[in-house]
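Take a look at the structures listed below.
Below, chain A partners chain B and then partners chain C, in two separate complexes.
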Partner chain A sequence: MNDMRLTERNMTDQKIKMQARGVDVFYGDTQAIKTVDVDIQDKTVTAFIGPSGCGKSTFLRCLNRMNDTIDVCRVTGDIRLDEEDIYDPRVDPVQLRAKVGMVFQKPNPFPKSIYDNVAYGPRIHGLATNKAELDEIVEKSLRRAAIWDEAKDRLDQPGTGLSGGQQQRLCIARAVATNPEVLLMDEPCSALDPIATAQVEELIDELRERFSVVIVTHSMQQAARVSQKTAFFHLGELVEFGETSQIFTNPQDTRTESYITGRIG
Partner chain B sequence: MENKEHIVSSFDRDLEGIQAMIMKMGGLVETAIAEATAALENRDEDLAFKVRKGDKAIDELEERVNEEAARILAQRQPAAGDLRTVLTVFRLSASLERIGDYAKNMAKRAGVVMQMQQINGAAAGLRRMSRQVELMLRDVLDAYIQRDVDLAADVRERDLEVDQMYSALFREYLTFMMEDPRNITACMHLHFMAKNIERMGDHVTTIAEQVIYLSTGDYPDEDREKGDRSSYDPGNGEV
Partner chain C sequence: MVDTTQMGTPPRKTSLTHSSAQVARRKRKDVVLQGFGIAAILIAFSVLFILVASLVRTGYTAFVQTHVTLEVFVDPGEISEEGLPRGGFRDVLTAALLENLPEADPDEDARAVRNILSNGAQFDLRDRVVADPSLIGQTITLTAPVSDPFDQLNKGGVNRETPEDQRRVNNQEVAWFDTLAEAGLISTPFNIGLFTHADSRFPELAGLKGAIVGSFWALLTCFVISFPIGIGAAIYLEEFAPRNRMSDFIEVNINNLAAVPSVVFGLLALAVFLNWFGLPRSAPFVGGMTLALMTMPTIIIATRAALKAVPPSIREAALGVGASKQQVVFGHVLPLAMPGILTGTIIGLAQALGETAPLLLIGMNAFITSAASSPFDASTALPTQIFIWADSPERGFVSRTSAAILVLLGFLVTMNAIAIYLRNKFERRW
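After this line comes the complex of A and B, so read on.
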């Protein structure tokens, strides 16, 4: 654990997994994101913080083209995953979202069994050729999401019957089942109690060994705890982006300071 | 968007509270330095006794400051400038408490020295030195409350003069002792008093560095000139 803390301080040598340049987002005539540049490093947790309506969730949703589903939403600029333009017309958004998975604020398991919740993605993406392989993926995903022990004896029961914290971990299992390279989390703990929150945070820390995690959170303490990089958004602008330890002890922008110290809403 | 006050106003009151306690400690310590020196100079036993008794109040304040600061950490999880405010409060209270201890020790020694034969001019150098440190402490506390980085940096530089004064006193006391061995006991005590003041100056410097960290988020570079050469002094007048 101590070693890890030390390595966390030096994240700059991780390669850049996703790169955004000059990203603007409009909802109709309203500009929600103003020329944002950001680098998401591999095997790193990046936190987006900022007051409600600052655009952090909107920006997060650009990273796997979730905004495509909103008719009035228009995204311009350049976003790349491993140097590949994700808004290229040849990119299939469904394939993209298998690589860039997402977990939402409210746990939203499908009204299916626990097993089918996790097996759904691998099935549609053809990641398993037979039942045994699928079983293996389901078990591995549930283990990675730290819910295997609680779920293994009730895999045929509906996912909606689990507690809130368990449902959220089930959704994380579902997201990791397709072997994503980036995991986007939009306030994954805001509907959870402190114990479930701690379990999800522990999970995020473990997930970081495999891929990048981008988390939007309203809890500044959570951002400080789980992330190595923090981006502060305000009124659609990326105000400050840097090492989490620096943002929380010595922010360079007075707006960042005011926000994280609880002086502005 | 910039706003000095927290949305939760009791947080502001908490932070103001611990800083006010630091200022109170600072005031008590300043007085202790001045009175310990005056006690020696005026051979005032009562004043020396008062300083020794007064150190308890400083120690108690330190304890209260630390308890409050710990509570704020637990309750508010301060960040950025607020976090630095709480962190520096811990360091400042520790430094002030140490300076208070040195003043108390000076008062003890003053009580002994005043029973002995007076050495002409021996107390004057101590008085100048202690006055210097007292003024540095006053300025650093001002710098603290005003978040004045320049003033703090200035205080930090002035510690050089304290070190030089200490070196000069070191040689002066050596001379007195060589002139007349009956002066040795008194001079040993006086020398320890000078050393106490020199150490106070170091703690004031630490406070100045904390003020700079508090205001800027960075510590100053450690390239200050040191003025105390007495560690290398062979005692034969050839430094």
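After this line comes the complex of A and C, so read on.
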């Protein structure tokens, strides 16, 4: 664990980007999330940690209403993006997901060209008025995802032909291309080798300058390296939420302490 | 937590080279199972082989047709320009035959000699003269099919050893034929007429054109109706319909529909399309609509399977960048499912191509001597043509029935090959 970085990291208090209050999630009759309150700050990396099956992904997917696509899933409570209730009946989840992008655990590029992968979001949201603008967005996104150099000569080749780590960075580029305000990442590095992981982590740190990032991870080291805020989930409850440095050095709850020292999970 | 190692029983000593009784038993089971599998495949293949071999054996003669080549003097005394298209074409042909048969009596044998030629020969000649009246008065070379008994004689379908009164051609006719053959006038070229003629009472003239055209119109109608409706229904059920009792009920009934015997669809078509809507009898359009009823469930089931096979990660990826449900389905899921859908559709259409019962019920087994020029004209279809020919007593129709079955099988094999090709070509690994 990089404790040097951990301690010297100072928290400028950013404004709150997303706010969850009293969120319950049910899959049919079983409750997966129990009354969770979380604030996601702008231009901050927030890490969700916790043992497997504790509801990290479930909660993350509430933030862009991906859970809407699961028939049995029911979400109650209040989640706001910039003061607006995202579960308001007037909200179109399609518009929400343009603002709250998502990167999945398994790289899932479209079986289309690299260019089309990145251009897809801007196209459907009408972010570019002509080809030149679109080209520019694609290049900028690929650069931001640190894959431009590898991809620039093969933009017309299928994205599925890239290596796993390249695919994941392509997916990040795709998510970044729609210019989201919040980027949700569900274990983005679990399919990557240490080098690709380091690249993605570096990338996350850069992305933080533009928007807020929420990352689910099973690696305590990763959480400590990339995040400023950490939320610890256990059995569907949010046990502890605070500064990453505080969670890792001075956890308030015994369950948190057990988990980060490797005794549960 | 792992405790200290358990030292209770000492490990059993086994050898890798000597198989224990249990392993030997397991091996025997493997061998027996494999044997059953191979036997099953062998049986299936030999049955298929016997089927095709017997069809080829009886059917191959229908792919060639005996012709006689004659120098025909288009006698102005018999055929005049003003009289066209009428004229003594048959007499002109008989005269040409008699020219080559010195032993035949021009008066007494004229009738018998005339029967060497197919009844269609005079129409071939007529068509040529009508197209070019300047031929009147000239001598032209005409190659025309011989009638069925002589065709059989040439192909060996008539045994010359059998007593004359039990043969379809008498000794005199055999002698005439041999004379023509010796003069080099008999030829046995590929039977183009099998594909360019429609049905006929005379086996040597009967062809499959009407049936192929009828099947084409019927399949086209079937495709145009069942493909969009089938895909639409499948997309709705798979992607948009809420999962509840109603959708379960619909799903079960689509599967039931796929299992309904085709003759039932035929009866339904007879009652609804013909008797109620008053659509024309024997029309490929009605046949196609009937076949569409049967193909639709196949397409729906194939499409749903193909849609289900698209990995959820692709849907999530598209939803994650803010695509709407409709954009996800039509922009991502459907294109990826298309090869599977096409494969299912082609297989469904291949089934429809071979379907006979419903077409019999709506009268597509009528005797029709010209190919349909639109889907609304009366027509036969390949399977019903086979049905008609199989019912005809003439020897020539026996081999034509087998030939028609071979043609139908050829179409089916081609369609299935296309389906397999598409499946392999677009197969994706995720």
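Operating definition for what follows: the second predicted complex is superposed on the first by the 254 of 265 C-alpha atoms of A that agree within 3 Å, B and C clash if a C-alpha of one lies under 4 Å from a C-alpha of the other, contacts with A are read in each partner's own complex, and residues count from 1 in each chain.
Here is the rule we go by: a contact is a pair of C-beta atoms (placed from the backbone, for glycine too) under 8 Å apart; a residue touches a chain by one contact, two chains touch by 3 or more.
Remember, predicted model here, so these are calculated numbers, not experimental data.
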item	value
Which superposed partner A:15 touches (first chain B, second chain C, both, neither)	neither
Partner chain in contact with A:121 - chain B first, chain C second, else both or neither	second
Touching partner for A:251 - first (chain B), second (chain C), both, neither	first
Chain A: partner with more touched residues, chain B or chain C	C
Touched partner set for A:260, first chain B, second chain C, both or neither	first
Which of chain B and chain C A:224 touches, first, second, both or neither	first
First, second, both or neither for A:152, with chain B first and chain C second	neither
Interface residues, chain A side, partner chain C - complex	64, 66, 69, 71, 94-98, 101-104, 106, 108-111, 120-121, 124-125, 160, 171, 174-175, 177-178
List of chain B residues in touch with chain A within their complex	1-8, 11, 77-84, 217-218
Partner chain B, residues of chain A touching it in the complex	220-221, 224, 234, 248-251, 254-258, 260-265
Residues of chain C that touch chain A when the two form their complex	242-243, 311, 313-324, 327, 332, 336, 428, 430
